[in-house]
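Presented sequentially are two complexes of chain A, the first with chain B as partner and the second with chain C.
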Partner chain A sequence: MKREIPILLTVICGLLVVAAFFAPAPDAARGLQPSVWQAINSELLEWAKILVAVAFLLGIANVVRINLRQIQARHVDRPYKVVLLLSMFAFLVVGLAEMHERDLPNGIVRVLVPADHVTMKDGHVVAGWVQGATETGIRMRDSDGHDLPEIPHDQVALVSEPSAKMWVYFKIFAPLQATMFSLLAFYVASATFRAFRARSFESTLLLVAGAVVMLGQVKIGNDLTGGMAAPVEAFLMDNFVKAAERAIAIGGSLGVLATGLRIVLGLERSYLSE
Partner chain B sequence: MAAALAFDRRWIYLGLGLLITGLYAFGSPEELPPAAPVQEYYDAIEKLPEGSIVMLSADFDPASAAELYPMFYGTLHHLFRRNIRVVGVCTWPAAPPFSREAFRSIAPQYHKEYGKDWVELGFLVGDDVAMGIIGQSLRSAYPNDALSKAPYDSFPLLRDVGDSSRGIAMLITISAGFPGILEWIPQLCTRYDVPVLAGTTAVQTPSLYPYHPRPLLGYLGSATGATQYLQLVAPGTPALVPVREENQRRMVAQGWGHLYIVALIVLGNIIYFRSRRRAA
Partner chain C sequence: MIDVLAAPPFPEALSSAAGWSQWLDAVSWRLAPYLAPDKIATAVAIAVFAWIMFASQRKARRGVEIPIRRLAGLDALDEAIGRATEMGRPVLYVPGTDEIKEIQTIYSMMILRHVARKTAEYGTPIIVPTKNAVVMAFAEEAVRQGCADAGRPDAFVADNIRYLSDEQFAYCAGIAGIMYREKPAANIYMGMFYAEALILAETGFLGGAIQVAGTSRMEQLPAFVAACDYTIMGEEYFAVTAYLTREPSLVGTIRAGDVVKIAAIALFLVGTWLATAAPAGAAGPTWSSVYERLFG
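Now for the complex of A and B:
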């Protein structure tokens, strides 16, 4: 039963999703209401969404487990592991504090969430934590947790809501990730010099096509080749690349279809670690 | 040959670094002729009737922001300038800050009202499954918005979209990989007849070719596509002129970077063939 029940669940869910795909989509203009298949499909998709969200949590738990173990074992990369865990939890704490600002005690909010500033039209600035807006004005709370008098919208010139989470994102995370990605250009430059060799007919073809595409892609390359690189590049991309991409897409789709069928029919069981 | 190829690779890095930073800092912006898919992207937005609802999906992260954020920024200007209503979504967890930054800075320039002219629904976990849910019912995908956490039906714009994605006139995705345009096409576009436009990284662009011109009406491929598009949009939008010029300067640096790499290929092969002749 340990095998049969999971396979049965997979088969039933797979068939239901396939059935929903062929049911007409809801369309108010044509009077088409969501069918029962789509209601089931929606429910299954919700479950899948929850599972993906849980996978995020599992991912965090796994990162903590692996890195803690290596820290305990005094791995040579221990300082980096410590930085990784500290950064992850610091960002998590700051992010959660900002998300749940209204429900947290004032002492924690004061430490973790930067104060907001509302500049009035007369130049006067009110500091505090914005709690939300009503139809008539902005509600704020002071550092002691007391509600401030509502500030009418027509008296407000500017609302500034600084965010530590966004500061970390734009000042640390974004530049670091962009730097990592841009390093690829340097590795590509080095690899082309060392590894791209016209050793055979096929490799020569690949090399020449690659060089033509690179030249045709940029204005200076096209100018230096007397305007020939761009049309040749367009010809290669519109014919050979497009044809190859279509073949890959169709082949891949047929592969997915075959695998899907095997799963739905209970023939493919690798997801059960068999 | 081994000696010729074995020199410290950091010289190659230094050469490329100096070339790119020097040209970016001191190069003058150059106009690029727009490619056909870029013109089609621009024309597709121009043809949308005023008041149409477009879903703009930010499917990227900081790693690809240099290529993709100018596309997102230019597209949002273009949509608001044309009085198109915009529903913002994200399928990448690191995308919302970029999306929020763009909406917050651009919407006030066109006096657009939140909830009526634009809504930010934010990140939805689940990759292509999430796209399937969005396609089937935007309301069940997002019971609340991302900014005010207010219920779906409290926004006039979302009430106009209704329950199904048939209320969406067009999907525009600025996409860096998985999940992105290749998942949106089966989950939303072909299934619910929603036309799509895309902006993608250079690496991903060839994978779009099989889907163009239908259902993909047009696309912006890489920083080149972004620059060409900004050239088309900027004339009627003064706020975009500095962004366009910055992108044009980037393209000069990128152009010489390409030449540098082609020169390295040629040089490496000259050394290779000379050493082979000597060995023979």
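Now for the complex of A and C:
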């Protein structure tokens, strides 16, 4: 049963999703209602979201377990492990505090959530924590947790709600990601340099084709070759490259279809420890 | 004015393009409550493919020899693991950066099981960094099962299946860190890759590891071809488990793919001929437009 139940669930869910894919769209003119399969599919997608959210906890547990073990074992990289765990939990705490700002005790909010600022039309600035907006104005709380008088909408010029979570994301995380991504430019150069060495007939062909494509892509390259590079590049891209791409795409799609069918029909079980 | 509530009649004869077009209208109108009209051709194509697949599997199970051409990249998997064993260094297996709903990731888990079986047989550690917690759970199970297949369940090390980050370049940086610190002798990339493909492959190259990559994502194939020792591309990627296990049902699936490809070539040729022969500026349906509705 340990194997049969997951396979049965896979087959049922797979067939339901396939049925939803082929179900007709609602058509008011012909009186066709939204299909029950599509409703089931939407429900399954909601379940999938919940499963993914729960799996995040598994991921956090994995990170904590592995890094704590290495810290305990006095691994040579333990300072980095400490930084990783501290950053992760600090971000988690700040993020949770911002999400649940209105339900948390004032002392915690004051420490973890940056204050909001409401700039009035007369230039006066009110600092505090925005609690929400009514039809008439904005409700705020001060640093002692007391409600401030409601600020009428027509007197407000600007509401600024800074977020520590987003500050960390945009000021630290995004530049780090961009740094990693920018390495790609150097790696493209080094990989191209190796790939374009004329060691055999095939690699020489690759070198020539690559050179033509590079020249054809930029104006100066095209000008240097007397306008020859761009048409040759277009010919190579439209004929040889596109043909090869389509051949690979068709082969890959058939592989996807075969594997998908095998999974949906319960024939492929190796991913379930069969 | 067209009455959408009235069922189009079936034609009296199917000898002309107009008759076929009318027949298609009549069929799709009657099927519309059950099947989206624009997906009828897809449904038929999938049903035909499934039928060919089952027929091929039956044939393979009966013992009919279905040859698979040699794939150097797959032969290199053993070589890479053997090299890591000789050097006493781990094998790094990267299952791509997509979620488990991506079919390439699911297939990567199947390949991982075979790679884990080999590493367990040789007593070589395997490190699997993942970008997604669900993929991590699948990878754990695949490696555990691979070790069990090899008769070495003790070879499974839970700490070597690692969740790094859901962010693409944080994950990429984490893998680069593993390459620098733990110095794997073999890097195996199997699955769906995006812009990080070349960063990973070049970092692995600089580390001196033997590298085998497999993906059917076209945009990243040049990156792997340029930076890896062996690349399994396109449909080859979905032939890995059949090639490694020679299991009849899997080999039959590959034959089905080949049969469908031959049929697709025939359809392309007929379609090209019909499109070329179609009269320019024809007012009514032509054989080419009917063909496009059927197979387009």
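In this text, the second predicted complex is superposed on the first by the 233 of 274 C-alpha atoms of A that agree within 3 Å, B and C clash if a C-alpha of one lies under 4 Å from a C-alpha of the other, contacts with A are read in each partner's own complex, and residues count from 1 in each chain.
As a working rule, a residue touches a chain if its C-beta (ideal position, glycine included) is under 8 Å from a C-beta of that chain, and two chains touch if they have at least 3 such contacts.
Computed from a prediction, not measured in an experiment: that's the story for all the values here.
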item: Contacts of A:A90 with chain B and chain C, given as first, second, both or neither; value: neither
item: Touching partner for A:L267 - first (chain B), second (chain C), both, neither; value: second
item: Which of chain B and chain C A:L257 touches, first, second, both or neither; value: second
item: First, second, both or neither for A:I66, with chain B first and chain C second; value: second
item: Touching partner for A:F22 - first (chain B), second (chain C), both, neither; value: second
item: First (chain B), second (chain C), both or neither touched by A:M99; value: neither
item: Which of chain B and chain C A:T192 touches, first, second, both or neither; value: both
item: Touching partner for A:I172 - first (chain B), second (chain C), both, neither; value: neither
item: Partner chain in contact with A:K242 - chain B first, chain C second, else both or neither; value: first
item: Shared chain A contacts, counted only where both chain B and chain C touch the same residue; value: 21, 25, 27, 29, 48, 52, 56, 173, 177, 180-181, 188, 190, 192, 194, 245, 249
item: Partner chain C, residues of chain A touching it in the complex; value: 21-25, 27, 29-30, 32, 48, 51-52, 55-59, 62-63, 65-66, 69, 77, 173, 176-177, 180-181, 183-184, 187-188, 190-192, 194-195, 245, 247-252, 254-263, 265, 267-268, 270-273
item: In the complex with chain B, residue positions of chain A that touch it; value: 21, 25-29, 34, 38, 41-42, 45-46, 48-49, 52-53, 56, 132-133, 166, 169-170, 173-175, 177-178, 180-182, 185-186, 188-190, 192-194, 196-198, 207, 210-211, 214-215, 217-221, 224, 237-238, 241-242, 245-246, 249
item: Contacting residues of chain B [partner chain A, same complex]; value: 5, 9, 12-13, 15-17, 20, 30, 32, 61-66, 94, 97, 124-127, 129-130, 132-133, 136-137, 140, 148, 162-164, 166, 191-192, 206-207, 209-210, 222, 224, 251-252, 254-262, 264-269, 272-273
item: Chain C to chain A touching residues, read off their complex; value: 4-5, 32-37, 39, 42-43, 46, 49-50, 53, 99, 101, 103-104, 106-107, 109-110, 113, 132-134, 136-138, 141-142, 144-145, 159, 161-164, 166-170, 172-173, 181, 195, 198-199, 201-203, 205, 216, 218, 221, 223, 225-227, 233-239, 241, 249, 253-254, 256-257, 260-261, 264
